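Naming follows writing order (A, B, C and D), and every chain is counted from residue 1.
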Amino acid sequence: MKTLLQLSDVRKSFGAVRALKGVSFDLLEGEVHALLGENGAGKSTLIKVITGAHAPDEGVLKVGEETLSALTPAHARALGIACIYQQPALFPDLSVAENIGLRLKKPKAFSIVSRGEQRRKALELLKRVGAEIPPDKEVRELSMPEQQLVEIACALGSGAKIVIMDEPTASLTQKEQHLLFGVVRDLRASGVGVVYISHRLEEIFALADRVTVLRDGESVGTHAVKDLNEAAMIKLMVGREVATLYPPAEGEPGATVLSVKELCCKESGVRDVSLEVRAGEIVGMAGLVGAGRTELARILFGITPADGGEILLEGRPVRIGSPREAIAQGIAYVPEDRRRHGVILEMPIAHNISMAVHPVLFRGSWLRGKAETDLAKKFIADLGIKAYGPEAPGGSLSGGNQQKVSVSRWLATKPKLLILDEPTQGVDVGAKSEIHRIIRELAKEGLAVLMISSDLPEVLGMSDRIAVMREGTLAAVLPGGSDADTVMAAALGQRGKEVA
Amino acid sequence: MPDAKPFSIKALLARHEVVLLLVIAIEVVIFSMLGRKFTDGSNVANIFRHSTEIGLLALAMTPVILTGGIDLSVGSMMGLCAVCFGMLVKDAALSPVVAGAISILIGAMGGGVNAFLIARLKLPPLIVTLGTFSLFRGLAEALTKGSRSYSGFPDSFLALGNSSVAGLPAQVWIFLLVAVGIYLLVHHTSFGRSFRAIGYSPEGSRYAGLPVGRNVSLAYVLAGAIAGLAAVIFVARLGEARANAGIGYELLAITAVVLGGTSIFGGSGSVIGTLLGYVVIAVLQNGLKRITSIEIFDRPISNISAELSGMLTGLLLIVALAVNPLARILATRRSRRQAILKP
Amino acid sequence: KKSGESAGGGEKLTIAFLPKSKGNQYFVTCHKGAEKAAEEIGAELLFDGPTNSDPAKQNEIVENWISLGVDVIVAACENKEGLSTALRKAQADGIKVITYDADALPDARTFFVNQATEQGIGDALLDNAASLVGNQGEFAIITANLTAANQNAWIAAIKARQAEKYPDMKLVDIKPCDDLKDKAQQETTNLLSAYPNLKAVISVCSPGVPGAAEAVKQAGKTGTVKVVGLGLPSENKAYVKEGVTQSVVLWKVEDLGYLAIKAGAALADGSLKKGDTEFNAGKLGTLKVEGDNILLGTPFSFTKENIDQFDF
Amino acid sequence: MIGKYSRELTVAVALVLLFVALAVCAPNFFDGQPLLSRFTAQMPALVAAIGITLVIITRQIDISIGAQFSMCAVVAGVVAGAGMPLPVAMLAAVGTGVVMGAFNGLLVAGLGLPSIVVTLATMVTWNELLRLWQQGRLMPLPSGVQWFGMSQAGGQGIVICCSLVLLVFFAWAMRNLALGRYVYATGTDAEAARLAGINPRWMTFGVFTLSGALAGIAAVLNMVQSPQVQPSAGEGLELKVIAAAVVGGVAITGGRGNLIGVLLGLMLLVNVNPALTHFHQPPYWERAIQGLVILLAVVFDGLRRSKK
């Protein structure tokens, strides 16, 4: 079999973050090659090197017969590389057909785009991935899963020799997943090389021929899938036994802090959620991407206020119309999108940490530099934030440390309820267990914690109770120590076991 | 990891401010060598007397730009407030003090219109203030039927624009007061902190529970009020209130702010920078008028000072902006070349 | 003739010459005359003016001259009251002030070099227009902008004259053109269709005259609608010859600049004083002084017959 | 479908209402010749508006367009005045526009500087350079220049044809040419465009250059309409065309808008003033009304967005 793609010793850093520390990888004709690794292991970065979105700092790429030190997106496309990005890279203002047209074989700049032709082609591709999306709709009006399907259609249509899929099933339903698997198998049969990223091991067993495991920006080995079982794979991924990763719970939870009853918000598609979180308790929240967990958190934090149901804090009904009101009620929310909503990268750590406590820290609006620095120093010490000082800009920190800064900001408000949304996303293994330790400590001190996570082992390991969401509703509340299959079954609906 | 040498934004800003100081020094040296009586006390007073309004608008614009916005309407607002002031004093026979206070209030209300559209309805500041740019000037013209002007103000009021107090033009004292106020607001209060945070990341600020709408509104209302104040000072200086007060001042104010190192995208910048940027422009405009002994284009420089200072300001702005990115591009080129040489 | 180091008050007389706006052919021509006079006298001439419509610019320039220590300021005022504030300051500093073209308040200058009184200009324009349309019918005015002081004064004079002498004529509209020829053209086009009975267009700003003429020509109303205005012969020659524009009213602009500088210099050396009734203005001969107005003479009407004789 | 074009429809309805009011109260407005002259006189602004629309769609702004227009007009005037044939003058104008546009493009796309500040600086620089050079003189043109040396009627036809052909071409190209789609893509999301293999920097540079060239063409179309060139001819043009684009539904945040909307927006804005004249209203309210039209347009946008 011919080698389509070969990467040797690729390195890439973002400022202080070393995302890739020497990765080698190859892809053969007609194979599905899975990439596996924890959050932040560097999978997406590796892919962006292949598609030319990032130029590697070091290393060599060999595509077909060409040896290169870097690619541009246009060049990669010309070489027959297509990609479905984790974050859909679509143009929200353009229609579906136009989006697909733009991503197909790049036409000459002055060639005429036949709209009818474009539409026909789009329809055909959408049909192949089994999506019923009108091609004239603007992409901004599509839901997340629909956008993902459009991405897949784009990649399919480009007639590429190498197709890369970064967590394509993350937001798909059962039926669409089956269609996608069919598409992947078709591609393999026609000699295309597929790079396939997924956190779902069962998909990898069902689809992949070989698997390369990344850990902490390094490749720890390539194996034939049939030589591995699930346990071996996880061991490769994390480098140690999973069970020892999570700090144990201690003591009994206290009084109920948060209680929501039949909470609804039409705008964000959350329906009839009833849930309780008690002091000293960690409630883990599982679900597929797009299940509405972030939306629920945003309702509780007043970003998209609820339009039905009831929220009770320590037994008192409250109305939360804005983040400020939420903070005043003792609710804190560490958002999922750290770059956009969490840490302001240009501002010093100290300023980031003090942001939510301005009225308390700066009485009369007057800045008190010393008080602010002291506060920052306290958290830098308490949470072990690795930075040269409170004046270091947020952007100079690694992802895990940024996350700690984000958590610090909210701890400074001395909340009663802490909502963490994907607290360890993009955080390296070491920092991850440290964050877990911190969360557990906080719970021990009597905080009520609601922890949203897509990382199933994390939810299983950390939670005292597990709430599972699906399509905007609460699918189940399971006791701590439930097994992964039960949780997944709840997240996927009844037929969850039929994935493969 | 973050063991890198402490890299601080402050140091960088300081550098920009040092550069501006240097530019001012060069201007002063050149103009005192070539210009006539440039360093005379009365001329130095003129430099600041004539540019007080622009300086005020630049100060007003700084918080707005820090939040990532822009206010094109301040010049027109000056026209509207000047006309209102004139009407209040001459038609309604109010004392200049009361009329001045009302004019500032009107400015604040105009700023409130901007604030409502920008902070509440979340409309783009550029277009909103482009609209109010026309609207405010249009109202000023409509109120006066275009041609009415108001003059004959009491001398005690005109003194505000034309007399000196303790060696400085009277209005410069007001300017300094406002400058200190804005400096404290931007650098020493949580408002200033939130302006920056909003400029860097409006969404992030909202998630952090900052009162984004309120603070953005504050910036625009303040800008309107200061424009009202500038209008009163302007009328006191000219002794005449007309709908054409402050034409084109918004562009000069923005130029001063950007020249001062404030990012037009919001977030970073300083009031000291704005003040220095403003001084660079004010000195340039005045100094060129003083060079009568050198001719270019067959005309003495003093004859074409207005055109030259405009051109030089434009070029200075481009150079000031381009220096950093250019240096960065050259630096990466060099480092790449060295990497290749190094094996 | 480099100016040298003679800061004002030195051996050489320094005269500062202020136009209403610099980018305007009218004042460029004035400046030419002023330069000739300065050369005759052996004075240093400074020339500066606003480049945009910022009403404060003239004040700033005057105050700049005060601190520069010039001996004489010769100014044309865009904003009468506004500039007077600055001119008074100059007088208080011992600087002689003469105004030309557009006057300041009387206490802010010693003499006004009057190329023609506001009345004279208004009369000339309206009389010209009236005789062209047979003393009856509708007419409209194009002005630079609604805020320009002396244009408003001329318009007032026109209105007064019309009320007094031409009861059968009617002023239907006044439109600003921002000193833009193209805008004057568009405004005139609008006027022509909005007022179908329009008989004449009077432009009191110089870019407005060719603008109005072009509109009338394009509308095919050459001769039906008369165009009269204040303007330079050179800018209107073509239209006058074609018969689109019937008459352009103006004085000899270069002489105005020349006279203003002469008067300024005379005022400085004491040969011209308040109360004089005559003034010897070099090559212009002896001119009449009426009160504090030095009269250049009545405005001149350029028509098809004589326009070729003038080159400004 | 109607939802997608709701902005264009609203503007069109407003325009129709204005015309109906005029037809009832001042039918003279529709007299053939003045109407044609009025329309012809706005053609240069229309051509300049095409350029600014492309710039705004790529999420940039160009406030130097009026200064570019003036500069191109003067260069063309100087060349024509020197007795060169008209085509040479036209080339000179367009060439000048290209150079000035490319200069903006270089600074914005090449160095990544904010376009509003860059074009503010170049606007001031070009305007003052012109003042230094021409001192506001009205430049007489040789008689062959006016209306391309043809009769007025013929010349007006050419001016209108050229402008409408440009408009239709660009409207068509923005929809149907691959390059047009790239412009939208760049303005919608430059990073996504990069991932799709489009070079956003080149697109930005190209759009600024094109806008300069269109300013040059606009200057030529303006020059032929009268026997003189005024060096301040482009004063205020930037506001007019930006306002036209915004009223016509071009999103200042990039990625959205089309030229038909811009045509409607321009027509609405430039007819306010003639309408006032025809209703025999004094002109004082003109500027205030234009401001209101702009504000209404953005508020309308904002409401529509928040409803979604």
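Definition applied: contacts are C-beta pairs under 8 Å (C-beta built on N, C-alpha and C of every residue); 3 or more make two chains touch, one makes a residue touch a chain.
From a predicted model like this one, the values you see are computed outputs, not experimental measurements.
A.B. asks: Listed by label, which chains are in contact with subunit A and with subunit D?
C.D. replies: For subunit A paired with subunit D, the chains in contact with each are B, in label order.
A.B. asks: Could you quickly compare A-B and B-C and let me know which has more C-beta contacts?
C.D. replies: Spelling it out, more C-beta pairs touch across B-C than across the other pair.
A.B. asks: Centroid of subunit A to centroid of subunit B, CA atoms only: how many Å?
C.D. replies: Distance between chain centres: 44 Å.
A.B. asks: Mind checking the centre-to-centre distance between subunit C and subunit D? Centres are C-alpha means, answer in whole Å.
C.D. replies: Here the centre of subunit D sits 34 Å away from the centre of subunit C.
A.B. asks: Centroid from C-alpha atoms only, then distance subunit B to subunit D, rounded to Å. What do you get?
C.D. replies: Roughly 29 Å separates the two chain centres.
A.B. asks: Going by the touch rule set out above, which residues of subunit B reach two or more other chains?
C.D. replies: 141, 145-146, 306-307, 310
A.B. asks: Out of subunit D, which residues touch more than one other chain, so two or more?
C.D. replies: As it turns out, subunit D has residues touching two or more other chains at 128, 131, 282-284.
A.B. asks: Tell me the shape of the graph of touching chains, choosing from line, ring, star, complete and other.
C.D. replies: other
A.B. asks: Spell out all pairs of chains that touch, sorted by label.
C.D. replies: Applying the touch criterion to every chain pair yields A-B, A-D, B-C, B-D, C-D.
A.B. asks: Residues of subunit C touching subunit D in their complex?
C.D. replies: Touch residues, subunit C against subunit D: 21-25, 28, 51, 146, 172-176, 178-182, 185-187, 189-194, 196, 207, 210-211, 214-215, 217-220, 234-235, 238.
A.B. asks: Once bound in the complex, which stretches of subunit D touch subunit B?
C.D. replies: Within the complex, subunit D contacts subunit B at residues 61, 107, 111-114, 116-118, 120-125, 127-129, 131-132, 239, 242-243, 246, 252-253, 282-292, 294-295, 298-299, 301-303, 306.
A.B. asks: Using the touch definition up top, name the residues of subunit B that touch subunit A in the complex.
C.D. replies: Where subunit B meets subunit A, its residues are 1-4, 6-9, 187-194, 196-197, 200-201, 203-211, 267-268.
A.B. asks: Going by the contact rule at the top, pick out the subunit B residues touching subunit D in the complex.
C.D. replies: By the definition above, subunit B touches subunit D via 70, 117, 121-124, 126-128, 130-139, 141-142, 145-146, 251, 254-255, 258, 264-265, 297, 304, 306-308, 310-311, 313-315, 317-318, 321-322, 325-326, 329.
A.B. asks: Report the residues of subunit D in contact with subunit A in the complex, numbered from low to high.
C.D. replies: Against subunit A, subunit D makes touches at 4, 175-179, 181-182, 184-185, 187-189, 191-199, 251, 255-256, 308.
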